[in-house]
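Structure first, commentary second.
Letters A, B, C and D mark the chains as written, and numbering starts fresh at 1 in each.
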Amino acid sequence: MKRKLRMGMVGGGPGAFIGGVHRAADRLDGRIELVCGSFCTNPEANRTMAGELFIPEEKCYPTYQEMFEKESKLPEGERMDFVAVTTPNSTHFPIAMAALEHGFHVLCEKPMTFSLDEALKLRAKVRETGLVFCLMHNYSGYPMIRQMRRMIADGVLGKIRKVVASYDLGWLAAPNAGKQATWRVSPKMSGAAACVGDIGTHAEQLIEFTTGLKIAEIAADLATFVEGRQLDDDATVMLRFEGGAKGVIELSEVACGEENQFKLRVYGSEGCLEWCQQEPENLVLKTNDSAMKTLRRGWAELDDSVKGMCRLPAGHPEGFFEAFANIYAEFTAAVAAKMEGGTCKGLFPDEETGVRGMNFIETVVASSKQNGCWLPLKKL
Amino acid sequence: MKRKLRMGMVGGGPGAFIGGVHRAADRLDGRIELVCGSFCTNPEANRTMAGELFIPEEKCYPTYQEMFEKESKLPEGERMDFVAVTTPNSTHFPIAMAALEHGFHVLCEKPMTFSLDEALKLRAKVRETGLVFCLMHNYSGYPMIRQMRRMIADGVLGKIRKVVASYDLGWLAAPNAGKQATWRVSPKMSGAAACVGDIGTHAEQLIEFTTGLKIAEIAADLATFVEGRQLDDDATVMLRFEGGAKGVIELSEVACGEENQFKLRVYGSEGCLEWCQQEPENLVLKTNDSAMKTLRRGWAELDDSVKGMCRLPAGHPEGFFEAFANIYAEFTAAVAAKMEGGTCKGLFPDEETGVRGMNFIETVVASSKQNGCWLPLKKL
Amino acid sequence: MKRKLRMGMVGGGPGAFIGGVHRAADRLDGRIELVCGSFCTNPEANRTMAGELFIPEEKCYPTYQEMFEKESKLPEGERMDFVAVTTPNSTHFPIAMAALEHGFHVLCEKPMTFSLDEALKLRAKVRETGLVFCLMHNYSGYPMIRQMRRMIADGVLGKIRKVVASYDLGWLAAPNAGKQATWRVSPKMSGAAACVGDIGTHAEQLIEFTTGLKIAEIAADLATFVEGRQLDDDATVMLRFEGGAKGVIELSEVACGEENQFKLRVYGSEGCLEWCQQEPENLVLKTNDSAMKTLRRGWAELDDSVKGMCRLPAGHPEGFFEAFANIYAEFTAAVAAKMEGGTCKGLFPDEETGVRGMNFIETVVASSKQNGCWLPLKKL
Amino acid sequence: MKRKLRMGMVGGGPGAFIGGVHRAADRLDGRIELVCGSFCTNPEANRTMAGELFIPEEKCYPTYQEMFEKESKLPEGERMDFVAVTTPNSTHFPIAMAALEHGFHVLCEKPMTFSLDEALKLRAKVRETGLVFCLMHNYSGYPMIRQMRRMIADGVLGKIRKVVASYDLGWLAAPNAGKQATWRVSPKMSGAAACVGDIGTHAEQLIEFTTGLKIAEIAADLATFVEGRQLDDDATVMLRFEGGAKGVIELSEVACGEENQFKLRVYGSEGCLEWCQQEPENLVLKTNDSAMKTLRRGWAELDDSVKGMCRLPAGHPEGFFEAFANIYAEFTAAVAAKMEGGTCKGLFPDEETGVRGMNFIETVVASSKQNGCWLPLKKL
């Protein structure tokens, strides 16, 4: 593209968390321009946010409907090229559907929708329109996660036998955890599950992304430790994969003292790979007959495709924003290609990933309701 | 005691692993003397081992039966005071029973017996004789595990909500893993389970030891990844505790690349404690409202009882032998007290722990056979 | 400011390293706009870079002189507000002087100049013009470095006794290390020292920044390990501080295998603080009478001023760009304040820091030439 | 040997530290028997210690002179075979001399003597008698230190360029640090230096042991931070090696918060090896063109000679006692060989190492007194 891609945003008003992360990630590479937004349903707050972002008043829309309608009437190069949806789960579906209907490519926060049913409808719409859809599973944008995926695909671990993921945060340990927490544990805004939707889908997505395996069956035990809370704040999910591998996901948002402790270990017949989100620059390879290796972002023995995702040399720490920005870079490359009449299918999570995640959430909830019996994921 | 305690040993012949560990641990503090043994059923090897240990020929017995019989006829101070049983699981029961019947205190390797039924009989015999019985769950001898137990008991974590243990080794990743491996995966020598008996009981014991919680129900999924193997080499066990806490144990002996990776995390309403066997000098405390603390063996903020278990100052690494020796020290203190007409109940694992472990093994196997349905542990 | 600050850049053409880092850091917060540049003396490359950055042709100047001249004639709001100087050391002085003379605030890469003499002239010019000058010692922008500074100032460590810094990279281990390396080891482009100027000044600056101590005397031993190289690629510098504390800086750019291994430990009468650039989210506090504490960026027990420098919650890793951006944020706050007639003196490194660094370099080189005799830093 | 080796001990009375470490290390392998001792000049305390060790009264000697005299008159197999000297530095020389004169092999704590002059005399006596002399530099008994030595000798690092050691403890941070501290900072009992003798010689020995390099010149800056203390409690020593390598040793016993933080990094033209005493199971190899490797005690890629020094498999932590015991094992193998008419020269530190250490101490002190001028080590 001879110009920056033009982004609109829904959500991300004052006090929101993830909207700001999207914006910072978008800015990092200087190839995306935030040109309009409908940040908040409160008009005052909406304008305040636009002001902080140096967005002119006429580009600060009171509703996403108005934004899509008006923007879609502008000529290419003046209108937004795509929209980022960073609202609570319950509104992903109507916003994304409307965006697609107005011809905009969509980058949407996870989980994809409020229910699996919505996800299937949204997937159908994406297929129908041929527009680009990206689901923000940001952890799959970390270079060392890409390296992990590459090495497993290359057979470094042999045949995969066991996958162990844990994702623990302490932020919901107490009943009142602030605005961010409120909607996440609300059955009306979050969906069938809280913890499983918020972090469980990250684990499920990263497991399937790195290993290439498909979860076949799950057995789950959900818990709600904080009194009065209506949704799960903790879960354990046992996994059986197609092809015979097994696994377990341990999840908690009441893991008092944990920050954002997301860990993944994959064991195969020949070795093990281990990664921790809080130290994302390291990927540890262990085998029975050689010394432990720590592959480092930006250093030796990395796949060329991974080297290309590094903005800084090794030892100059990259982090969360860069992983986020990597997903944006792949998504916008696909958008640009599409706008220029071509295609560019990156590895970014898409509508299939989104359906998979909703399928996972609903199966986990169903298993737990049936006292943890093994249930297959639906074929969709 | 005015003299060293006199130990006999059954098992621990040439090529054995754990017998040698017992002996080194026994020697460390200079308060136990290995005076006799029946190390091996092969007479030649038996004598070789005795020679290496500077044990006179007449104290090297061809069978444990003969050893117990002859030693029991010697006067106190000449006969052995207790016996260490370090043979494969299938022989723990007859050896320990015979020792008790001949009036010897017993320190036995885990798991206690081949079956729960045997364990109950052995417990009855211990109660009947009033002799001291210790089960070698060595990990509970680490000072920082004791500190963890103390802090949880003192309420540092608030009400316990979630317990996560993982125990991974790679040594059985390939079909032929040597002599040590052979008996451990043999249904005739190991019992109803291999991996669950070998390392699962360590996890179960350490969880109950540190938290004071009792496992109420379990749901398990066992796996055998190496073709032709007759017992499990991998497992995941979900836990529900009396009082409402939950947990999960992840186990593997085919975790290619792992050494002896035993980790334990306990989450309560106020914080988290985390310990890893491969870095046993550290105990990490995390809470939501203060900086992460790493308590170190031998350093500040330790309970007095824990300080008393350290042989070296902080920064002078202690390890596996010392933890082992701590169990021996507590056991022999109880033996000495008993011999002098008193009592000294340490925290060492005993016959109750042993029954508990066998109960765990059999319930896990039963759950897995019923496709992972939740089963309660028996009340015994 | 009601608008983004407008930045011009000198240096940072194709293949340059640090210029790109400046640009990414500038973009992160969305409050700075790169409006013009003279990126490269090669006209073709200069235009290419401008194109990649979506800078219009007329804002891509063939020389910095022309840029300063033309921009200074534009009205406020159309001209650039400040310039970032990211060229090799030898040209910092003329560029920065010219910028100041044309009324532009300056952010300059370190070391400040080619020689101490130049640094003194530049400082005089800054004082004379009253413009804002910032020296990019980016490591002092890390939040946990700010926390370290705060805690030392608050007396947490008691009276400082010993400071130990080491800064090791492997990138110059072989004779030919690429374009970036060439100018850094050239006496004509780098200055009196290579390694000492490149990384030694970072160590010196961070030590004085965090401790508040002033280096009084130094004794240095420089080395050149790669044959044919004309400047130092390795050094050790012993330190004596005003007030009696001591210290040592160990430096190497031929430390084969190291990435960007910059570590700092400060010992006082009451405790120690330790920080490593490659794990910048952690600050470790050790004392003799309490457990080790790891303070984490974004988590508990941080000073309010430090919390304000975090863009993401704890456990969502920040890194090198964010530290860079923190220096830019403080610098631009000072620039904005000045433009609005006020003042806002942040903690960013300034012309005094720059003179200090050049003083350090020249004293180190002099000491080493006199076989490591102790020499005082000049009073300037 | 068909029997255990018989050891006598001088020093190690109640309240002593290192004597107890020697005894535990001696017991670990079951091949050494402590048969007599003169633990303390106080007769009551001497007897108490003997009692705790189950040593019969007649083998508890009031003085080392009497012990050597009486034991030397006993027949082989009844008398002690060697003596361990674990007293304060000032008495090493007379005790070791007397032991050699009575025909006993000697294992002596470091530093070898009170002065270099004594060390030279003691070395002459060892040579004259042909008896085995071992200096307890225990850190050289760690398996991963042996691995480090092997890899450097094998050229894994290429030509060595830079060596960086640091050894920091906090135990002398306050004026009164207990009985152990008192003699170590006394000019009458410790020697020309405190910190340099106590820990500096460990660093010097480990550097020369692992690299095979010889220190040619040093420049030192000693400090005494605790008021009223008569000897150094902190030091920095710059090093130049024969052959052109350089290095630095940073030492402190007032490093408040540190336990026993001894670290060593060696850089060569091809890579780097790094080891930390507090995590002694790891040896880290870094190079510019491959991923970081962590070699682990007991795991893959170790030299056969190193495998033979491991008592436990990888993941079963070994520590300080085992390293100590490895030195004893090598020393006693040499003693046994000598007793049987052969020779067995292990890698244990000997009288040459001891002279080297005293040479180092006195040169460091001399340099510091001359304001840190470079001084060569004497050729001895």
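Methods note: contacts are C-beta pairs under 8 Å (C-beta built on N, C-alpha and C of every residue); 3 or more make two chains touch, one makes a residue touch a chain.
Here the structure is a predicted model, which is why all the values come from computation and not from measurement.
Colleague: Going by the stated contact rule, which chains contact chain A and chain B alike?
Modeller: Expected: C, D.
Colleague: Would you identify the chain whose Cα-based centre sits farthest away from the centre of chain B?
Modeller: C
Colleague: Counting only Cα atoms for the centres, state how far chain B is from chain D in Å.
Modeller: Here the centre of chain D sits 35 Å away from the centre of chain B.
Colleague: Using mean CA coordinates as chain centres, what's the chain C-chain D distance in Å?
Modeller: 43
Colleague: In whole angstrom, how far does the Cα centroid of chain B sit from the Cα centroid of chain C?
Modeller: Those two chain centres are 55 Å apart.
Colleague: Mark out which residues of chain C touch at least two other chains, giving numbers and ranges.
Modeller: Each of 258, 285, 287-288, 292, 296, 299 in chain C touches at least two other chains.
Colleague: Enumerate the contact residues on chain C facing chain A in the complex.
Modeller: Interface residues on chain C, with respect to chain A: 3-4, 17, 21, 23-24, 27-30, 53-54, 169, 258-261, 277-281, 296, 298-299, 311-322.
Colleague: Where on chain A is chain D touching in the complex?
Modeller: Interface residues on chain A, with respect to chain D: 285, 287-296, 299-301.
Colleague: Give every residue of chain D touching chain C within the complex, in rising order.
Modeller: 157-158, 161-162, 164, 166, 168, 170-171, 173-174, 219, 221, 223, 225, 234, 236, 238, 240, 246-248, 250, 252, 254-258, 265, 267-272, 285-288, 292, 371-374
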